[in-house]
Amino acid sequence: MTGMAVFRILLERLVLLVVASLVIFAAMNLLPGDPAAVMLGLDASPESLAALHQKLGLESSLPARYLHWISAFIRGDLGQSYIYDVPVRSLIGERLQSSLPLILLAMLLSLGAGIPLGVIAAAKRGTLLDTGLMGFLQLFKSIPDFWLAMMMTFLFSLTLHWLPSSGFPGWHAGALPALRALTLPAIALAIPQAAITARFMRSSLIETLSQDFIRTARAQGYSRRGVLWRIALPNALIPVLTLAGIQLPVLVTGTIIVESVFSLPGCGKLLLEAVNQRDIPVVQNLVMLIVASVMVLNVLMTIFVRWLDPRLEADPS
Amino acid sequence: MSPLLHVRNLSVQSPERPILHEVSFTLEPGQILAVTGESGSGKSTLALSLMGLLPPGFQAHGSIRLEETELSTLSQQDWCRLRGKRLGMVFQEPMTALNPTRRIGTQIGDTFRLHTTLSPREIDTETRTLMEQVGLSEAGVNERAYPHQLSGGQRQRVLLAMALACQPELLIADEFTTALDARTQAVMMALVTRRCETQGMAVLMISHDLGLVRHYADHVLVMKDGTCVEQGPTPSVFDAPHHPYTQALLAMSLHGAARTPLTPLSVFTAPS
Amino acid sequence: MKTVSILLTVLAVGFPASHVPGTAQAAETRDTLSIGLAIEPPGLDPTRGSSEAIGMVTYGNIYEGLMRLDEQGTLKPLLAQDWHISPDSLTYDFTLHDGVRFHDGTPLTCDSVKFSLLRAGAADSTNPHRAIFSQIADISCPDSLHVRIRLQHPYGSFLYQLAWNDAAILSPASAAQNISHPVGTGPFVFSEWRRGDHLTLTRNPDYWGARPTLRSVTFRFMPDPLSASNALLAGELDAYPSFPSREILSRFAGNTQLQVIRGSFPFKAILALNNARRPFSDFRVRQAIAQAIDRKALIQAVADGDGTLLQSHMAPDDPDYVALPDRYPYDPDHARALLKEAGVASGTHLTLTFPPIGYARDSSELIAAYLEQVGLNVTLQPVEWPTWLGQVYGQGQFDMTVIAHTEPHDITIYDRTPVYFHYHSPVFHGLVEQYEATADMTRRHQLSVQMQEQLAQDEPNVFLFAIPRETVMNRHLKGLWTNQPIAGCPVAGVSWAP
Amino acid sequence: MIERPNRTLRAGSILLGIVLLPATVITLLDGGHAPPIDVLHRYAPPSLLHPLGTDPFGRDLMVHVLTGAFNSVTIAAIAVCLATIVGTALGLIAAVRPARAIMGLTDLGLAFPPVLIAALLVTALGASATGEILAIALFGLPAQIRITRQAARSILIQDYIAASRLAGRGPVYIMRRHVLPNILPLLTVQATSSLALAILSDAGLSYLGLGAPPPRPDLGRALASYQIHIFDHPLLVAIPGVTIMLLVLGFNMFGDGLRDALDAAHEEHTP
């Protein structure tokens, strides 16, 4: 990949980030509802409200507020939460302790289960196993994630008492309790994704197996199994990984829902609460961070896939 | 001399219809047998059944013997040991027959990895030697190149190198020069015939290019609708064809019709 | 004053002076506590925000005021050991306890009180009751343990107001950081807060009063009743005050470890009507709406039949509460007739706005169904808290809304201008003026009853219901508040029975 | 277009029929209102009068859930229509012009977590079906644009397009006469699959309280309010969940079947 191409991609993303920041800012600041009213509650007097408005800087003009925010963001200063009155940076940092492992775990589970299942179905294409597996996956693809989460809680924690139903003890409580708390949410998050991955993996692998170079490899002496795992799979994985990159925001969305169901103190729950309470600094900066990291990950994924598939290098589109 | 390959009454059935019917022939070491006939006559199916690579649902009957080994009853495992080592095959589509995501050196080296106990370093050396032999090094092609960076002729050389790596006793070449220009074709054929002469490699060459067949093949087998209509030493078949189909084929060839113009594939062979 | 001695006696009972030394037996009993709460406080400074959740963690635990309320809602002294009110009800003299220290090490003096109360009433104050504290004319310090407060006008509720969360006495040195690092004079010290999950307080070793038996207490924030009930059953939680869902309480029935205790809190659910808007400005319409709703059925559906029908703006557990007759019983036919009389056409569109909380959502859905039966076309409009507080409460832009007022003794809000439901009654205003100028308890009670009657008659809002407070807790736990006279969960007096 | 409905297509239709037929009938009879409240008969067990029992307000659960299903499908369908129309138009433009802005916005749309769009929209517009529909349509839009653009491009490189262009046909004519009819089957399949996704989105948003407001029954909202009854009245949680699943499964299978059938038809016509 040439330096010019990388530069162009980065520049494009930068422009997009600026647009994203404008959208986020406009949305948060044009919404009805007054953050000061939330902070002061039912008995707030108009004077108290005005005083708080002054303190929060809500009196200055919109462009001034935007510039103030974005310049601070670039410096890495995420501001102060209205509601908690602590630095947004530490708030997000704290929440990432459960959100990041959750997303990673869900990603691992969905790829770790989806890819082998897809490979098995493709290897046994047309058999009863394949049909059954695909039907099963279709079913799991169709279950609302929050309902699945509810049902799993009901079964595994409320009835069987295997895993905790909610909350997160934190990593300082030890790796095992923390992982146990993340297990059900990660599974709930991963299952629909795994189903999508498996179905995609299957069709990608079947497509790859029908290519001429598979026959070449067989003529070279590769066994059926060897050609599946060593030749076809790496090639078939490329579109699957691309899909995983595209699905990332969906996973983030799922995190918001799943964290609500399992009352996990994560970024998703923080975001939803912050939107509801008009904690503007938290929402603005958190969304900006999410959008930016999704974009960065997408760029990395693009570069990674291009590295995996040398053909794309020749074709910039 | 005992035959290397002995095919007797080979019939192949696809799920829909019969494709090969009672084909029998023998092939001796160092000899080149050309299989010719129009498209759909079953030439490629014949090649694939010799490699044990018939598509799923295809059924073969009859006997294929490679020296003492009866191939038709071979286990999958034994087939894998045979393919690439004793049997080599080159396919006709140079554009798609190579794995686009692996370096050509790796793909050539795979044959060694699958059938020999050479060390990685030795494999590298062998691969480079092989690439020199097929003329890739001469064209400035590095083993770290990817297939899409190569011209069609270069890719065909890679495929040939992969097939020849373990010095197979039988090379099956399915129209492997069809997409190439005349000069490259000659170079490739020279490579193959040298192997026949020095190592006694037998070649089953599928081609509808009668000029090519006449020039290189020791024996010719003419196929039509899945049956062998005529076979024999090249001179006798070409000089005195028995079967009307063979006669017709030859007549067309003389008018130059059988020598197909460059296929549309050649569009892609410009070096990238 | 007579009350002083009574209060001092109760003080002795409420805070037993017996400093039980850490005997071997005491060491065996548990000294930690884990309490579940539905709402996480936004911060830990009650003088900056009025969220009930702040008080649940801090009241009587971290912060203390001059006065306090006990579990029954009775006013008691706390940091003030004695006081005197001048005959003109304008000057209050307090004597502070000696030897009280803030968690930051600074001693409690008159200056701390002066700082705290003047700060609360300052122009830039964000105290929820700034208006009340701004009535303080001045505060002087005769010496470090005596405080003299002068008011601009007589204000009968002043002493009571000093017991509230937002009248906490703070250390001038640390007041600015209280929102995340609270410092008070209370029996517990802030230890750790993992936002979104839990908050831990530990025993204050230098506490001026009786030493608490608990070494540490953890508040876990669990809004979901299902997971809360699960944590209780698993023993992960020892208590859950004000359990949010009545429907799940059956899970605890027959449990050997847990008990459900019913208590009270000043919960007054109302259907607030915008009296400044047509058609609600017409008394007949307000009466019609009241009669169109089967409030008994509402209690059935929303509170499982377990609530009290309200006739005015006061909860049954309030000392001033009087049971009033149901002036506007369910009568849809009469409601239709009244609407017709008032000229409200059938099919008139009204909007019912409600905040995101269970009772409001359920009540609103039911009320909409009832109003539809008398020919009103109701659009339900769910809003988030910021929108509710901003549009409905702040700007009074709404038709109808369902809300519960949970502050004690807040009947005087009907005299406040502006107030979101826009009730204006000269009669009521007169009553409130008299009430605030009176310090005599009997007279105040009479006036309070008159205010309740006036509201019941004018029906500015439809008074719906009060519901009891259910606390789920371990059977061996002693001393936990099961009533909630004010937002708080003081745990200084809580202990584990051996 | 489809000569032989395959097994997947048939199974999908049956699943959809099981839910949608009675849902439509009941909605037509009732006008889509929530069933009447009857506080005296709360949590009634299944009976002849109430085949699935009643909910915490004494409403008939079956009627409530079926009406909710109808509402969910309606909202999903409107959102998908919106996304398809706008997305196809933008995709076609992006196929013939560089249209960096369109593709940039598409990338942006893909980077935004959908729930966030919904939360912002719903708060800005007030809780309404409109806000929810817009949100669902918005997060279906990027995929629609990309698919349309890709499909249109594969048509535009064909020789007959060049011929048509040489014959002096304008881009609008080419789009209408050549491109649209050719990508229509693909768009139909895409719309069906989007419907499944839209129903899931609707359920999730309503569950979080970001959907259309009551009193119109809604499956996600019903689940949110019934979920605490998972122990004492499990039917209340099971029925709405299974209904959502049947609908999503139905549309997914219908879409898959449709794709297979179209592929088969396509293969038959171009041997």
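Each chain carries a letter (A, B, C and D) given by its place in the written order, and its residues are counted from 1.
Definition applied: a contact is a pair of C-beta atoms (placed from the backbone, for glycine too) under 8 Å apart; a residue touches a chain by one contact, two chains touch by 3 or more.
In UniProt terms, the chains line up like this: A, D = ABC transporter permease; B = ABC transporter ATP-binding protein; C = Dipeptide-binding protein of ABC transport system.
For clarity, every value in this text was computed on a predicted model and none was experimentally measured.
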(request) Any chance you could name the chains that touch chain C and chain D (ABC transporter permease) both? (result) A
(request) Using mean Cα positions as chain centres, tell me which chain lies farthest from chain D (ABC transporter permease). (result) B
(message) Contact counts by the stated rule: is the higher one at A-D or A-B?
(response) A-D
(request) Could you put a whole-Å number on the gap between the CA centroids of chain B and chain C? (result) 90
(message) Counting only Cα atoms for the centres, state how far chain A (ABC transporter permease) is from chain D (ABC transporter permease) in Å.
(response) 22
(request) Could you tell me the distance, in whole angstrom, between the mean C-alpha positions of chain A (ABC transporter permease) and chain B? (result) 51
(request) Would you kindly tell me how far, in whole Å, the mean C-alpha position of chain C lies from that of chain A (ABC transporter permease)? (result) 40
(message) Which positions in chain B are in touch with at least two other chains?
(response) none
(request) Two or more other chains in contact with one residue: find those residues in chain C. (result) 226, 356, 384, 387
(request) Any chance you could list the residues of chain A (ABC transporter permease) touching two or more other chains? (result) 32-33, 158, 276
(request) By the touch definition up top, name every chain pair that qualifies. (result) A-B, A-C, A-D, C-D
(request) Under the touch definition given earlier, write down the residues of chain D (ABC transporter permease) that touch chain A (ABC transporter permease) in their complex. (result) 100, 104-105, 107-108, 110-116, 119-120, 123-124, 126, 196, 200, 203-204, 207-208, 220, 223, 227, 230-231, 237, 241, 244-245, 248-249, 252-253, 256
(message) Please output the residues of chain A (ABC transporter permease) touching chain D (ABC transporter permease) within their complex, sorted ascending.
(response) 12, 15-16, 19-20, 23, 27-28, 30-33, 138-139, 141-147, 150-151, 154, 158, 246, 249-250, 252-253, 256-257, 260, 271-272, 275-276, 287, 290-291, 294-295, 298
(message) Touching residues of chain A (ABC transporter permease) toward chain B in the complex: what are they?
(response) 211-213, 215-224, 226, 231, 234-235, 238, 308-311, 314
(request) Using the touch rule from the top, collect the residues of chain C that touch chain D (ABC transporter permease) in their complex. (result) 225-226, 245, 247-248, 250-251, 297, 300-301, 356, 361-362, 364-366, 368-369, 380-384, 387
(message) Could you list, by residue number, the parts of chain D (ABC transporter permease) that touch chain C in their complex?
(response) 34, 36-37, 39-40, 42, 56-58, 123, 126-127, 209, 213-215, 225, 227-232
